[in-house]
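Remarks on the structure that follows.
Naming follows writing order (A, B, C and D), and every chain is counted from residue 1.
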Amino acid sequence: MTCSKESLRLQYQQIRAHSLSLASGLTAEDQCIQSMPDASPTKWHLAHTTWFFEAMLLRPYAAQYRVFDASFHYLFNSYYEALGPRQPRPQRGMLSRPGLDAVHAYRQHVDAAMEAWLEDLDDTQWQALQPIIVLGLQHEQQHQELIVTDILHALSCNPLLPAYRHNDAQPSAVSVATGPVRWLAHDGAMVDIGHDGQGFAFDNETPRHPVWLQPYAIADRLVTCGEYLAFMDDGGYSRPEFWLSEGWATVQSQAWSAPQYWLQGDDPRLKERGGDAGWQIFGTQGVQPLDPHQPVSHLSFYEACAYAEWAGARLPTEFEWEASCSASELAQAFDFVWQWTRSAYAPYPGFRPIPGPAAEYNGKFMVGQQVLRGSSAATPASHGRLTYRNFFPPAARWQFTGLRLARDL
Amino acid sequence: MTCSKESLRLQYQQIRAHSLSLASGLTAEDQCIQSMPDASPTKWHLAHTTWFFEAMLLRPYAAQYRVFDASFHYLFNSYYEALGPRQPRPQRGMLSRPGLDAVHAYRQHVDAAMEAWLEDLDDTQWQALQPIIVLGLQHEQQHQELIVTDILHALSCNPLLPAYRHNDAQPSAVSVATGPVRWLAHDGAMVDIGHDGQGFAFDNETPRHPVWLQPYAIADRLVTCGEYLAFMDDGGYSRPEFWLSEGWATVQSQAWSAPQYWLQGDDPRLKERGGDAGWQIFGTQGVQPLDPHQPVSHLSFYEACAYAEWAGARLPTEFEWEASCSASELAQAFDFVWQWTRSAYAPYPGFRPIPGPAAEYNGKFMVGQQVLRGSSAATPASHGRLTYRNFFPPAARWQFTGLRLARDL
Amino acid sequence: MTCSKESLRLQYQQIRAHSLSLASGLTAEDQCIQSMPDASPTKWHLAHTTWFFEAMLLRPYAAQYRVFDASFHYLFNSYYEALGPRQPRPQRGMLSRPGLDAVHAYRQHVDAAMEAWLEDLDDTQWQALQPIIVLGLQHEQQHQELIVTDILHALSCNPLLPAYRHNDAQPSAVSVATGPVRWLAHDGAMVDIGHDGQGFAFDNETPRHPVWLQPYAIADRLVTCGEYLAFMDDGGYSRPEFWLSEGWATVQSQAWSAPQYWLQGDDPRLKERGGDAGWQIFGTQGVQPLDPHQPVSHLSFYEACAYAEWAGARLPTEFEWEASCSASELAQAFDFVWQWTRSAYAPYPGFRPIPGPAAEYNGKFMVGQQVLRGSSAATPASHGRLTYRNFFPPAARWQFTGLRLARDL
Amino acid sequence: MTCSKESLRLQYQQIRAHSLSLASGLTAEDQCIQSMPDASPTKWHLAHTTWFFEAMLLRPYAAQYRVFDASFHYLFNSYYEALGPRQPRPQRGMLSRPGLDAVHAYRQHVDAAMEAWLEDLDDTQWQALQPIIVLGLQHEQQHQELIVTDILHALSCNPLLPAYRHNDAQPSAVSVATGPVRWLAHDGAMVDIGHDGQGFAFDNETPRHPVWLQPYAIADRLVTCGEYLAFMDDGGYSRPEFWLSEGWATVQSQAWSAPQYWLQGDDPRLKERGGDAGWQIFGTQGVQPLDPHQPVSHLSFYEACAYAEWAGARLPTEFEWEASCSASELAQAFDFVWQWTRSAYAPYPGFRPIPGPAAEYNGKFMVGQQVLRGSSAATPASHGRLTYRNFFPPAARWQFTGLRLARDL
């Protein structure tokens, strides 16, 4: 991908500003807490995305760059072994210092340095380093989604169930009329899967390669809350026959009986709202009544599989998803919920990580996780992509994750 | 104990103000974090001590009282089963809301209500309820010490090792000339132990009762850092013969090799301070070089016992401590470090908890803990007392805990 | 204590034979399994008690002694740090080898060597070492009780609930007529506590020393199953007001709702016995209907305290128990169940462990445990003693442990 | 697959007898112990494989069948939810009863019943049920391998390191001359993967379906101990750049520094064998010196991937393995070690579990595991197969698992 310096600078400004706007309604205290090892404080996200530009670009390539604070290299490295030791992930919530103000100053310092450095880059450097700058922006967009999912989890641990945002016109708040599922058939065929080189893609979407698909059908839309409720009402969480063995073990050990963030009407945390009004869902807007037409969200892979089994269907593979999405047949492919696929996260044939320290970006996570496709209401507007491969462990539920059905033909 | 309304009102104001002054150098973020289940956020301490007055006095006895926020009854209850369910202890750090400002407003609201209610109390009520008011103040003083110990632990989890305070003239910063230990002999005798009813005491200090003591000797001063270092240099942490069985198991499972907060000169967190300057200690003033004349602090009971065994001595019982302290023979009895005793925390003969919900204050913890006597540099000035029984589990090290030796005669 | 060589040799033979007889109904498989880290396989007990004689006497003092198997020194050391590393306690159940036959051969080898060595001991040696021989026999008797308690636990983990023994005339199988409790009053007095030097005692029973007792009353008999059932029926396990804080936490985390080994009539493991016949108790004779007149057994200290609180009483201290037992006033003091006391296990004033490697026998466990007095149906006949101090952690329930009430006067 | 009744009866006898022969050198104690939740006692394997015939065939289809012991249905069910509750997996080692003799009697009882029932089957029944009988035999063969792997693990937990077998002429004991790896190239092509319907296969090997392969090369032989040692000597276990993120975390948390069962020459368990003779490996024959020409075994998937990365290669996919093996190009494909592949265990397109309770046999495990291909020295002779898909979690090391390299072309 190539783009002009000017256009990239503009993108840089917009994307960097968007991170701050996501944090704008949150107090410094909100931005400091870590509710589980997998989720990070908002403040940490704001700092880490800044660290990425500093560590990957300014430190190695900007001769004039003055490091903002030497200790930040340790504090805000996420998982890059090649870049040295780091604050342990489960301890990110211990960082009351540096304070939020210092993190804001860090952002400004790095932004100014990036601006100046970009200005001075000659053409050869620009060609060589522009991909890392773009990667840094894509990286920041990934963390923008995590800012939302992680603060949602943190706020859900507060018995007051405070709303992250009010009055947002987010897709998840827009009721969607839902008709019966239409099954889109696909004949067996050889399809090309992966990124074609136009525009940005992560290394894990490459190389583009042929895959043979057996005949299948895929649902034109997502599974809804109403449909999922029918599964629950049919004993879904107490009938092992629908579940993968690990899924069933998790249901029992974690006492799951509904998607994450679903609250029964008699939940003590809802007491002050008056009588039992049936199922409620905690989301970015706070607690809202369950809307049966909305796509179901905050499911683990296990729950997605169990639902599909109950429905006499299965999850699509990531290849089926991409083939059908490529044919423009799928409604709700983007901007609602990430869609679990039946595909384990693995390297494409011929995959090589990008060189340099960013080699650790994707490849080293290729075991024990499942691919999700599409994008969610929390994904930044310009970030989704046909070939995008998101991935999470099968028990993860704090992301905006749902499903679309498929079946063999 | 009786005192005038006016004198109590003054005490109330002073003690309540002192809590805020202890938090004054801390950011809202600092005051929000919880570094382990046993330690609580500063903000929580500020709110809980306020809750105590609201729950024990204003709610039951002040007819005019308007509750500040109904949810606080759940959020800031510590462990009083009789007063309903509560935020789980390990989840206190999830409370980014209510924010620090709201907690300050809560304090002002309750303080104003207490002032007005006190004003209106008639004599009978005053006689009946004054002990609970005093208890609330003593309770707040206990939490003042915990504010210090808990924030010290939280800051110790930050690799920046930020100082809680600068420039304080705390006893722990005052070098103490130490001579050889003098052994104060005590003949076997019947002594009266426990509180005599003059002034305030917790229920666990009563009833006063006779105890027969066998002859013993007790050290006139505390064990110092220099003496403890000699134990370490003699292989103290690798020689099981000095340790209680549980202590030795803890040394191994927790990889203890020094008191909590001791840092070896080559600790990576000290890197930016230049070369290896030998043992350092992290304390309320930040990192300071070990002073061999200072009392050793932040020891577990296990470490205290192992040191004593190595030194050919033992810990005193709480009765021996009280008898010798009562005779005004002990230096450094108060204001340095709490002193582990060989006595398990158990009820005195005839002990009954105070009636009402405060019955849970002390009695229900009388198993599995050891008594500590004296007081520490973090104990509020007016809070120490000859008969005071502090208690912690034998593995606890984040309090200001040290030891004084004793031996049989 | 002194006794003749001949009498000791006889004792040795009888006690050693009794260990084997306790294992006689068990298969080699039964004797191999370990059901929890705190319980040991029967085979291990048989070997470890033999190791004690080998390690404490034959290896250091019998010049002619040929070690049976060098590896046994590692395999069958229990917790003696001074005698080198050892098989980790939770891994004792991994020792399918050496087989039971080899352990029997080991016993014979050591018994023969002991016999020969005893024969040859001159008078000086006899005086010096006889206490260790006696200690070894007392030690073996302690393990005889553990053989019973540990196999009972192991068999209780088998859904078949096999009986350890049939047809034994054990006290626990003898119905005991129970009248109303009589309260035996004791005036405040100075009493002498601890062993007086006549006959054997463990080091932890010494030195004998005066203790001042406040006036109290103690129940003439044990609490029965019927009485405990009344506590349960009154919501005992769901009312926090009766419980120590740690006890209540344990009740909830372990989901306790009855003493260990009590089975509700509809327990699935009882299905094949036909309809619901009410509470059953699993014991050495297998499953038996609850007998309301029997002393309640297999209680933790927490449960004993909660029962006492519910009953408006308390547990006796170990000193009260000893004083009243000494006066021959207590029925059921011995041979039924060990009786939890309110006393934490701590050294008597002037306590010193016996010298040599057996110093680790008792002293190093003097923290975090409660003293039990009396003896149980599983205690060997000649083993109980007025001054005997048994000790277990407060949550332990797999021993034959019950209670007797006391109260202040 | 069809075969004659007579031939099946013969197979039945041979396979059933082989299970007993595998246990023949083990004591009843050996056969009773469970060394970790993933491994089962030998006795349990002997009983469970018998239970399979009883539960899947005799109970539902043999009208005359008299159940041997009703409780065995609970005790020896492994994971079949449809067949009711069962002894929890981690508690299989608690089953000292039924004894080994009873399990032998159970086997004889079921074998006799199977023989009689087979005799009486009419043609329709034979056609319908013969696949389940064959499944039962394949199932028993799988457990035959587990008998070996599980007892090896159990014996490895014994500090005596007893040998499972002596004098066996097993492949693992036969030195294999190893030349340089030859890389077998494969052009991109469509290949048919999965079982073709001739002879037995598990449901997870079906349906046969086309897969497109990109060009690759695969090693003609397995990676050897000598080669793996070179990886170790090059810092393999301390260089994160070779490892998947989860693998690196496991290396650190488990302190891995060599394959399971490798012992350094100075291991204390080898002390009695004399001086340090370099690396030793504990195997079915006991401790043997490392033979550099032998295939490396007892590796996790993580270690296999890290080795491959270090070697500048990768693991083959299961499809590449099957395509090259099908072309008869691979040496050491069978009978040495199972070979980790880069393929996550997932359903083939169109996969449906076999109907009935055996539906739970394979399908419900299709998440979080990696496919292994080939077979091992512990696999029964007639059990391996080109299309066989073995599967284990990526951290598993107690199986006979190694690797073969591949690379992209």
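One rule holds for everything that comes next: contacts are C-beta pairs under 8 Å (C-beta built on N, C-alpha and C of every residue); 3 or more make two chains touch, one makes a residue touch a chain.
All figures in this text were calculated on a predicted structure; none of them were measured in a lab.
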When contact pairs are matched by residue number, over half of those of C-D recur among A-B, B-C or A-D in A-B
Rounded to the nearest Å, the gap separating the Cα centres of chain A and chain B is 45
Per the C-alpha centroid definition, the whole-Å distance linking chain A and chain D comes out as 37
Flagged in chain D as touching 2+ other chains are none
Each pair of chains that touches is included here, namely A-B, A-D, B-C, C-D
Listed in rising order, chain A residues that touch chain B in their complex are 27-33, 35, 43, 70-71, 74-75, 85, 87, 91, 93-100, 154-155, 157-160, 162, 268, 272
Within the complex, chain B is touched by chain C residues 79, 81-82, 190, 209-214, 216, 240-241, 243-248, 301-302, 305, 314, 342-344, 346-347, 349-350, 360, 364-368, 370, 394, 408
